[in-house]
Structure formats: C-alpha cells, structure tokens
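What follows are several structures.
Here chain A shows up in two complexes: once beside chain B, once beside chain C.
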Partner chain A sequence: MVEASLIVLGVMALFALSSTIATYLAITERNLVKAVLYSAIQSTLYALIYYLLMAPDIVLVYVPVSVGLYPAIVLMLIKKTEKEES
Partner chain B sequence: MRRLLGLLVIVLFITLFALVIASGGFGYEVPPSRVRELARQFLVYAYNPFNTTFTVKSPEAVTSIVWDFRGLDTLFETLVFYLAIIGALSLYRGIESGKRAEVISLGLSPIVKTVTKLTAGIIITVAASIALHGHLTPGGGFQGGATAAVAPLLILIVFSKYFLENLGLRKNVLLALRSIGLLGIGVTAFSALIIGLAAGSPAYVFQNQPKPDAPVGLPVHIGDSLISGTLWFFNFFEMFAVAAGFTVIFLLLGIPEGEVLKQLREEVGEH
Partner chain C sequence: MIDAFTFLFTTCMLSIIVNLGISLYGVLYRPSLIKKIISLTIFSDSANITAIIIGYVRWRNPGEIAPPVLLNPSPTLEDIETFAKVAVDPLPQALVLTAIVIGLAVTLFLVFLTLQMYRFYGTTDVRRIAKLRG
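Presenting the complex of A and B:
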C-alpha cells in the first residue's frame, strides 16, 4: 500500500512536468491564440499545484487571474493586433 | 520535429534533476519535515491574546502577514497596481467610448445570456465572501477583487461593452471607485495614529492592535463579529480598488480598434 502523501507528491510532480511542457509549447507556438491557451493550461496546473502545496490564498488569486482575467486581456490584445507571430 | 526534440530534452533534464534532489544529492532533505522558525513565529503570533506586542488577533496567518507584519509592502504593491492601471489609462487618453441606446440585440445567444445573468451574481457573492472573510479564512482583498472582476468581464463578453456601460459601470465611475478604495486603504493605515492623536497617546502609522508603548488600536470585534482591527477594512477597500482597476482596463480594451484609430487620426489631424 502506497502512502497517501507520496501519491500527492507524485501528482504534484506530474502537474509540474506537464506545466513545463505547456510553457515550452506556449513559447515556441507561432499562433498566438494557441499560445495563450497553452499558457492558460500552465497556469491552471500551477493553481492545482498551489492547492496541493496547501497555499489556498494563492489558489484563490491564481484561479481568477490565470484562468479568467489574463487570457481574456491577452486575447483582446491579440484581436487588436495580429494572430500570427511573424 | 525540432520542437519535439527540445521538449524531450527539457523533460529528461527536469526528471533527472528532480531525481538527484529528491535522493539527497545536494545534502539536504526535500521537502523539509520541520516548520521553519520564522513560519512558527507567524503561526504563534497571528492569533495570540496573551502576547500584546506582536499579535494581530486574526486566525488567518497569511492575511496577518500581508496586512500587518509586512503591511507596508502590501501598501506599495497596491500602489504599483494603481500606477500600472494609470499607465494603461494614459495610452487611451482622450478616446471616447461610443454610445448606443439599443444594446439588447448585441452579444451572444439568449442561452448564454441567461446563464451569465445567474453566474454573475454568484461570482460577486463568492468574491464578497472571499474578501470580507479574508481575516478568517483563506482569501483577502486582492483575491476577492480579482474574483469580482470576472463578473463584469463575463458581462462584457457575453452581452457587450455598451450593456456594461448602460448598467452604470462607466470609466469615470470605476476610476472614482478605485480611487476611493486607495483612499480608504490610506485612511486605514493612518487610523490608529489619528485615534492616538485624538486620545493624546503615542501611536504608530500602520498600527493595528494596541502595543505596550502605544496603547491605542482598532477594535477586534464589532458586535459579535471578529474583524481583527484594520485587516477587515484593508480587505474591503482593496477589493474595490482591484475590481474597479481590472474592469476599467476591460472597458478600455473593449473599445473597437477601428474607433480608437479613427479618434487618434482626428487628433493628429487637428495639430
């Protein structure tokens, strides 16, 4: 039987690794809308990691900012400029 | 293909590095099993009726740190946010948002609109709960304000910018609201000093609870409710400053780009 804390740490490691992948994809992506989506995925994973690290104060600010406000602002700006990075 | 290779290298590097740290390769244990001394002191003093020198009288250690132990840091963080919004406002100076009387036909489908009508209310309620209970449970002014700002954002996208403005959330109203928020934070920071001057006793700027050498402070309770002195007021005003700040940015970004360019060209033509 695996300890519960070990499972939590394992899940956290998985989230952390996935968030790095999402960050890499966001940086290398030429389509800016897709890049914002990757960035939002990374932020969502960070929010989950903060929750598992028992930092609920950070989670409460991370969820609205990273999932709602930040992608919305950047998408609005992309709509005003160009969709593709040249 | 090159992207995939880069990804593989990064994942391999992180995995191996984590393995080295986890197996004690750097000579220390992660995660540490004991609580650090500084963290222990914060936990002990956050709500400690027996220690009048350091206590904040708030069971929430994070809010105690943010608005009392390192309150000045948070005050200047709030100022930075305030200035950042001023920067955005100055880019849009002199650009007027067009007016529309008929706004019902704009926006997404009636299904989305009905769902948004319900959720916007719920979001505001949750935001108020996060901010006003910030000294009791995880949360606080910035968290509550950021959550509250999601509701106008939803309305702006689902209904339209003009609908939001017809509701009364115009640029100048929001600017006034966030200035009142910052002013409230400033007054709260000086409140103990003002009480001290009125009572003729020594007091500090940014003081919350009475100290041995400055026996004035803000009340811990109002009626039967714990408000932890200044913490409740700081959270309350911070919520307005943050929510109004974010909303004013959305309103400005929501002005159609064609309209902005037209007004800018007219401005250049005049000179």
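Presenting the complex of A and C:
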C-alpha cells in the first residue's frame, strides 16, 4: 500500500522533471513566440509545484503574474520588435 | 538504502537546480535580448522555488504537513501547538511573495529598455549592437 504523501511527492517530482524539459525547449527555441509559450508552460508547472509545496497564497499571486501578465507583455514586445532569434 | 521519500525529494530539487543552470546559460550566452529576458524570469522563478523547498520542513515531521493557515479565529493553546507541529515555514513564503511582485516590475523595466534599444539601433541582437560605432 502506497501512502498518499508519497503519491503527492511523486507527482511533484514529475512536475519538476517536466518543467526542466519545458525550460530546455524555451531556451533553445529559435522562434521567440514559441519560446514564450514554453516559458508559460514552465510557469504553469511551477504553480502546481507551489500548490503541492503547501503555499496556496503564492499560487494566487504567481498564476496571474507569471502565466497571464508576463507572457502578454513579452508577446507585445515581440510584436513590436523581432520574431526570430538569429 | 535510500528510501522513496528522499529519492523523490532529491529528484525535485535536482530538477530545479538543473533549471537554474539552463536559465543561467540562457542569460549569459544567448544573443537575443528578448531571450535574455525570458531566461532571467525563469532564473528568478527557480530561485524562488528553491527558497520554498527549503521552507518545506519535510524532515521535521514526515507524517502530516499543512499550509501555514490558522483555521480557528480565536486559537486555543492546543490549536497553536498543532499549528507549530504541522505547518510549513511561512517566512520564505512571505519573502517569495514580495520577490515575485518586484520581479514583475524589473521585467517591465527591462522590456521597455529593450524596446528603446530596438528603436535606436534597429536590432535586439547584442552581437550586432556591440559592433555598432558612434
């Protein structure tokens, strides 16, 4: 019989490994719009890790700031400047 | 023999540290200024989550663990004892809450600096900006 806290910790490790993959894709991607989208995926996984680490107040701040506001700002910047990294 | 708790917790911590390394590479070696901004945000988020993991006191009480919230508005002594035994450390959470908001302001400042640099120089590539004269 597996304990519930062990399952929670396993899910947390899975989210952390997925966020590593998302970070790698965001850094190595040439297209900047795709890089911002990978960064948003990584922020979503970080928000889930914050929730599992017993910090619900940080989730309430982190989700609007880092998943909503920050990609919108960077997408506006990309729209005004270059879309490809040379 | 390493138990499952330690293995999964170490996996989580190592992933965050690898994230720190990858994003530091992005800040230092990618030529585009926009990619540098994205990497800097990932770097600050990873540093914040490291602080939260250090405040997650799994080694003190491995059984039950709860958010640092008092449910009883007028707590008795037993409530406070249970709270101190079960809750995670609230101090890193307060610090990280401040750091997220300050990070948003810093990111906005860098975004407008990059926009002005593009308007002046016509590029966001630091190699081409470094070659410009005059």
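Things worth noting here:
As a working rule, the second predicted complex is superposed on the first by the 86 of 86 C-alpha atoms of A that agree within 3 Å, B and C clash if a C-alpha of one lies under 4 Å from a C-alpha of the other, contacts with A are read in each partner's own complex, and residues count from 1 in each chain.
Convention: a residue touches a chain if its C-beta (ideal position, glycine included) is under 8 Å from a C-beta of that chain, and two chains touch if they have at least 3 such contacts.
Source: prediction; values computed, not measured.
For chain A, the partner with contacts to more residues, out of chain B and chain C, is C.
When both complexes are overlaid on chain A, the residue A:L69 reaches chain B and chain C alike. Once the two complexes are laid over each other on the shared chain, residue contacts for A:A35 go to chain C alone; chain B is not touched.
Contacts of A:V61 after superposition on the shared chain: both chain B and chain C are touched. By the touch criterion defined above, A:A4 lies against neither chain B nor chain C after alignment on the C-alpha atoms of chain A.
Of the two partner chains placed around the shared chain by superposition, chain B and chain C are both touched by A:K80. Shared-chain residue A:A26: touches chain C; no touch with chain B. When the two complexes are superposed on chain A, the residues of chain A that touch both chain B and chain C are 13, 16-17, 20, 24, 56-57, 61, 65, 69, 73, 77, 80. Chain A meets chain C in the complex at residues 5-6, 9-10, 12-13, 16-17, 19-20, 23-24, 26-27, 32, 35-36, 39, 42-43, 46, 49-50, 53-58, 61-62, 65-66, 69-70, 73-74, 77-78, 80-82, 85-86. Of all the residues in chain C, the ones that touch chain A in their complex are 4-5, 8-9, 11-12, 15-16, 18-19, 22-23, 25-26, 30-32, 34-35, 37-39, 41-42, 45, 49, 52-53, 56, 63, 65-68, 87-88, 93, 96-97, 100-101, 104, 107-108, 111, 114-115, 118, 123-125.
Chain A meets chain B in the complex at residues 13, 16-17, 20-21, 24-25, 28, 56-57, 59-61, 63-65, 68-69, 72-73, 76-77, 79-80. Considering their complex, residues 3, 6-7, 10-11, 14-15, 18, 62-63, 130, 138-140, 142-143, 146-147, 149-150, 153, 157, 246, 249-250, 253-254, 257 of chain B touch chain A.
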